[in-house]
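Quick one: the structure is below, and I'll ask about it shortly.
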Amino acid sequence: MARLSLDQLNAADEDAFVAALANVVEHAPWIAQAAFGKWPFAMVSALYDAMSEAIRTLPLEKKLDLIRAHPDLAGKAARAGDLTAHSTAEQAGAGLDRLSDRQFEAFERLNGTYRNQFGFPFIICVRRHTKSSILNEFERRLRHRRADEVETAIAEICRIVALRLDATVEGPDRLKVHGQLSTHVLDTFSGRPAAGVAVSLVELSGDGEEQPLVRAVTNQAGRTDRPLIADRPVPIGRYELRFDVAEYFSRIGAPLADPPFLDVVPVRFAVAEPEGHYHVPLLITPWSYSTYRGS
Amino acid sequence: MARLSLDQLNAADEDAFVAALANVVEHAPWIAQAAFGKWPFAMVSALYDAMSEAIRTLPLEKKLDLIRAHPDLAGKAARAGDLTAHSTAEQAGAGLDRLSDRQFEAFERLNGTYRNQFGFPFIICVRRHTKSSILNEFERRLRHRRADEVETAIAEICRIVALRLDATVEGPDRLKVHGQLSTHVLDTFSGRPAAGVAVSLVELSGDGEEQPLVRAVTNQAGRTDRPLIADRPVPIGRYELRFDVAEYFSRIGAPLADPPFLDVVPVRFAVAEPEGHYHVPLLITPWSYSTYRGS
Amino acid sequence: MARLSLDQLNAADEDAFVAALANVVEHAPWIAQAAFGKWPFAMVSALYDAMSEAIRTLPLEKKLDLIRAHPDLAGKAARAGDLTAHSTAEQAGAGLDRLSDRQFEAFERLNGTYRNQFGFPFIICVRRHTKSSILNEFERRLRHRRADEVETAIAEICRIVALRLDATVEGPDRLKVHGQLSTHVLDTFSGRPAAGVAVSLVELSGDGEEQPLVRAVTNQAGRTDRPLIADRPVPIGRYELRFDVAEYFSRIGAPLADPPFLDVVPVRFAVAEPEGHYHVPLLITPWSYSTYRGS
Amino acid sequence: MARLSLDQLNAADEDAFVAALANVVEHAPWIAQAAFGKWPFAMVSALYDAMSEAIRTLPLEKKLDLIRAHPDLAGKAARAGDLTAHSTAEQAGAGLDRLSDRQFEAFERLNGTYRNQFGFPFIICVRRHTKSSILNEFERRLRHRRADEVETAIAEICRIVALRLDATVEGPDRLKVHGQLSTHVLDTFSGRPAAGVAVSLVELSGDGEEQPLVRAVTNQAGRTDRPLIADRPVPIGRYELRFDVAEYFSRIGAPLADPPFLDVVPVRFAVAEPEGHYHVPLLITPWSYSTYRGS
């Protein structure tokens, strides 16, 4: 989807401005309207600040209206196809459109418990999460007091707004809403990057389920041509990288045991900061390896 | 089971000697009788050499008799409890007494194919193997020519003899029939051994099955009180060590991300030499680790 | 010095072309003249190929003339300031203009021995070397047969030509005459790049002498703002990188022993390929470190 | 020197007891006499506790007498050969008998300053120190208040007593007065211990001086046959281990660059706890290495 330029927005009149940003806040074009008070904007971050300030300074009842305008996570509206385009894409990104019946029921139950307890739906910026971390957040936030939870919901709405704004408007700056996950394989047996190593990335969930995300092969620089995850938040969750090193060392003629001491090397790690850069390299010989959070 | 001393054997007469060693070669006390020609023995290795030479120098028909005296692997005799005590213990050690019906049928089929092809049962020193490596060996050896396969079977019988002899007779020397698997956790964040780290060892099979083998906790020296595997061959196969490092770092008060970057660290490796010493240490910080085949 | 563009050379007439490239081959404008036969040139590499082919295909006597047109290394001409500008800069780059009297005499003696043995001066592309590796080459090449040594001298002249051409002419491509040396410090205690680490690079010579080359401080990415060596061949030789890690860990508040277990970490390595990329990172905690040839 | 057994001391009368331990406290047999009040002793540590308690509970004037009974470090008495046998051996162990004239003067000056400031000689348990750390301690302790410095001197005397006692008396237990320094070379290129690697240990001082301490060669287990330092405190100070890895990899036929990327690998570290175990291993390939404080 082509993005609007900030210049175009700055040339628009109020109606066109509000229309362009209507969907940035779920069912609440009046936030864009409020932000228009600070129009024009030199930077996308200034536009974001105006919109998030409009949200954060709402009186409590208006905040609750805004929160209640959001759909349930993975709820019946989603199954019925009744979400906004933004919400549909966001929920699908976290796999909430591919729930088993058992998982669907778990979400329904938690949605219900949460709504009963607080009187509004559970809001979370799903693009920053995996199914597992959403379930963890449900559990954690159900222990909140209501006043704190209203502010948590508002903060999550601001995160959603930032991501939608980044997807909608292009300007001289870029909101820091994206992270990155990358890898790099160094062959310290030969003293050079390991080329042609098959790498796969899977998402792990608490119940032992595995979700394959990416398969790639390292290039001459020992890197994958593209980062494994980029141009989006890296969802909070647990992952495993798998490097097919026996195939590599066999191909370059290194002497190997039979079966090789190391075959597919698994590196299991968790992402805690969706906007962070996670570089997880592997230094490898047929008999040893190291890995670390690099940069 | 208390072992006989070599001195006792050297003090025995021929009948007692043969009786003592009758079960070292399956259903073939006449091998012990042949070895008695070199009696007495200064070392256990000399006794082994006499027995294995008696086996290796048999004429072909006698070799085939010896081979045919062995039971099928995981076969009906095993299910019916008709094996010698040695065979029963050996097959149980590789888990051949705990096969699913599907696995039992796979073994039956391979036993039948092998016996049809070569005219004698498949012999393998099961204490040096896992179920997976036995299946690999079946496949590999079915490609042999018959003459080579007779010699392979005889070599496996000699390995079985060495292990049984080691379990039966004690002397000034020890046959090199045992390997070892051990680990060691070094906390390079604090510069000291990591104490109290839960470690588990599982055997992996080709079909994704996992067999838990050992659970242990590291002591003040960062080692387990006993090696993970010792006083036996380390079965050829694929393994995974799992180190619960997040629990450790949390306990010593190291700053961790939430969720921690590293939680349970899996180290997957294969054993190719059952008589080898496999030391697989882990050097760890909350953000990095190294492992290698040590000594 | 501003470089000529290849377009300018392609627009020049023969006289201007030869004048522009006169000094690319020491005292031999006739090589540029010969290369003009293939004028115009789409790529700098095509121009280099034409010049080096003109050199390599010379009859033996002409090759010897070309070789003899070169000055002695670190010889009396250099002391007297009688070298071409190119030669002066090249010899200074390897420190040949800063020899002690003892070193000057060593070079004079080797120059004399070499000239006596082969009848022509010792030619080497000094920008690819350190003083130590030049002395090693003297020794190694004095064992050559004369015919081989003529070809070695011609090959070295071609390397000199490539570097001078790269410094003189700019085109759509670039000759692969430059290498790079860089570093990177990762703090695996904190899981982030180590910023503000003082790094120094010294050249080591066989006799224990040290030549400081660069001092730098790592930035927020754990890298130096510029590579330690770039835009030139990395001279063949032995180096030491020194990382002031105790100062860094003390600054970030990591608990350290007194004195700290690691203070200044020396990493000693050799460069064998002047056109290679040498990345020599350091992964460090207060109690451990790793280094490797990276990329 | 053969040690007395604790049993012999427990069988002795008071005179023989005091005579046997007369030299354990410099020029103060009356401390042994005081300790005799608790005779007999089941453990060496109980004997040590009795002697150190006798020292620590002295009135101030007696403490000062005891302190003043000690000679200057590296002073004129040492040059003249007027020290007790214990003091002579201890000072020689730290190299104080091999001072240059400049160093001798530095010690004389510091001895004088210290004695002027506090009215008694500078006492330090030299077996726990290198020349450099003694000079650091001089500087640090000159900033003490006199009352604190008396206690510091008494604590150092107790350390001297513990070491002398350990050298004099043998019993069922052993005082924890010794540390250890060891190494281990693992070849992660081949997956086995690196045998035959030449290792040397040198002591570094602040002024760039190097004192070679030990040369050894690794055995089949990649270890030196004996620890590099054992059965004594490891002196506080800075050290460098040097591993000749290019010679090793060349010998086993690993492909190497010319010159090899890694040749002699220096590992520089400091010892802060003389009674600690310092294991400083090297994991090495031709292109990478790791080191850490192990155990």
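Letters A, B, C and D mark the chains in the order given here, with residues in each chain numbered from 1 onward.
Basically, a contact is a pair of C-beta atoms (placed from the backbone, for glycine too) under 8 Å apart; a residue touches a chain by one contact, two chains touch by 3 or more.
Here the structure is a predicted model, which is why all the values come from computation and not from measurement.
Can you name the chains that touch chain A as well as chain D?
B, C
Report, in degrees rounded to the nearest 5, the angle of the rotation taking chain B onto chain D when the C-alpha atoms are fitted.
Rotation angle between the two copies comes out at 180 degrees.
Using each chain's Cα centroid, which is most distant from the centroid of chain B?
It is C.
Does the chain A and chain C pair touch with the same residues on each side or with different residues, judged by whether over half of the numbers are shared?
Same: when the shared numbers are divided by all numbers used, the fraction is over half.
Using mean CA coordinates as chain centres, what's the chain C-chain D distance in Å?
Between these chains, centre-to-centre, one finds 47 Å.
Do you know which chain C residues sit against two or more other chains?
Expected reply: 188, 191, 257, 261, 283, 287-288, 290, 292-293.
Would you tell me which residues of chain A are touching chain D in their complex?
Answer in residue numbers: 188-191, 257, 261, 283, 285-288, 290.
Quick check: in the complex, which residue numbers of chain B touch chain D?
So the residues of chain B in touch with chain D come to 186, 188, 191-193, 221-222, 283, 290, 292-295.
Using the touch definition from the top, list the residues of chain C that touch chain D in their complex.
Residue list for chain C touching chain D: 236, 238, 257-266, 268-270, 272-273, 287-293.
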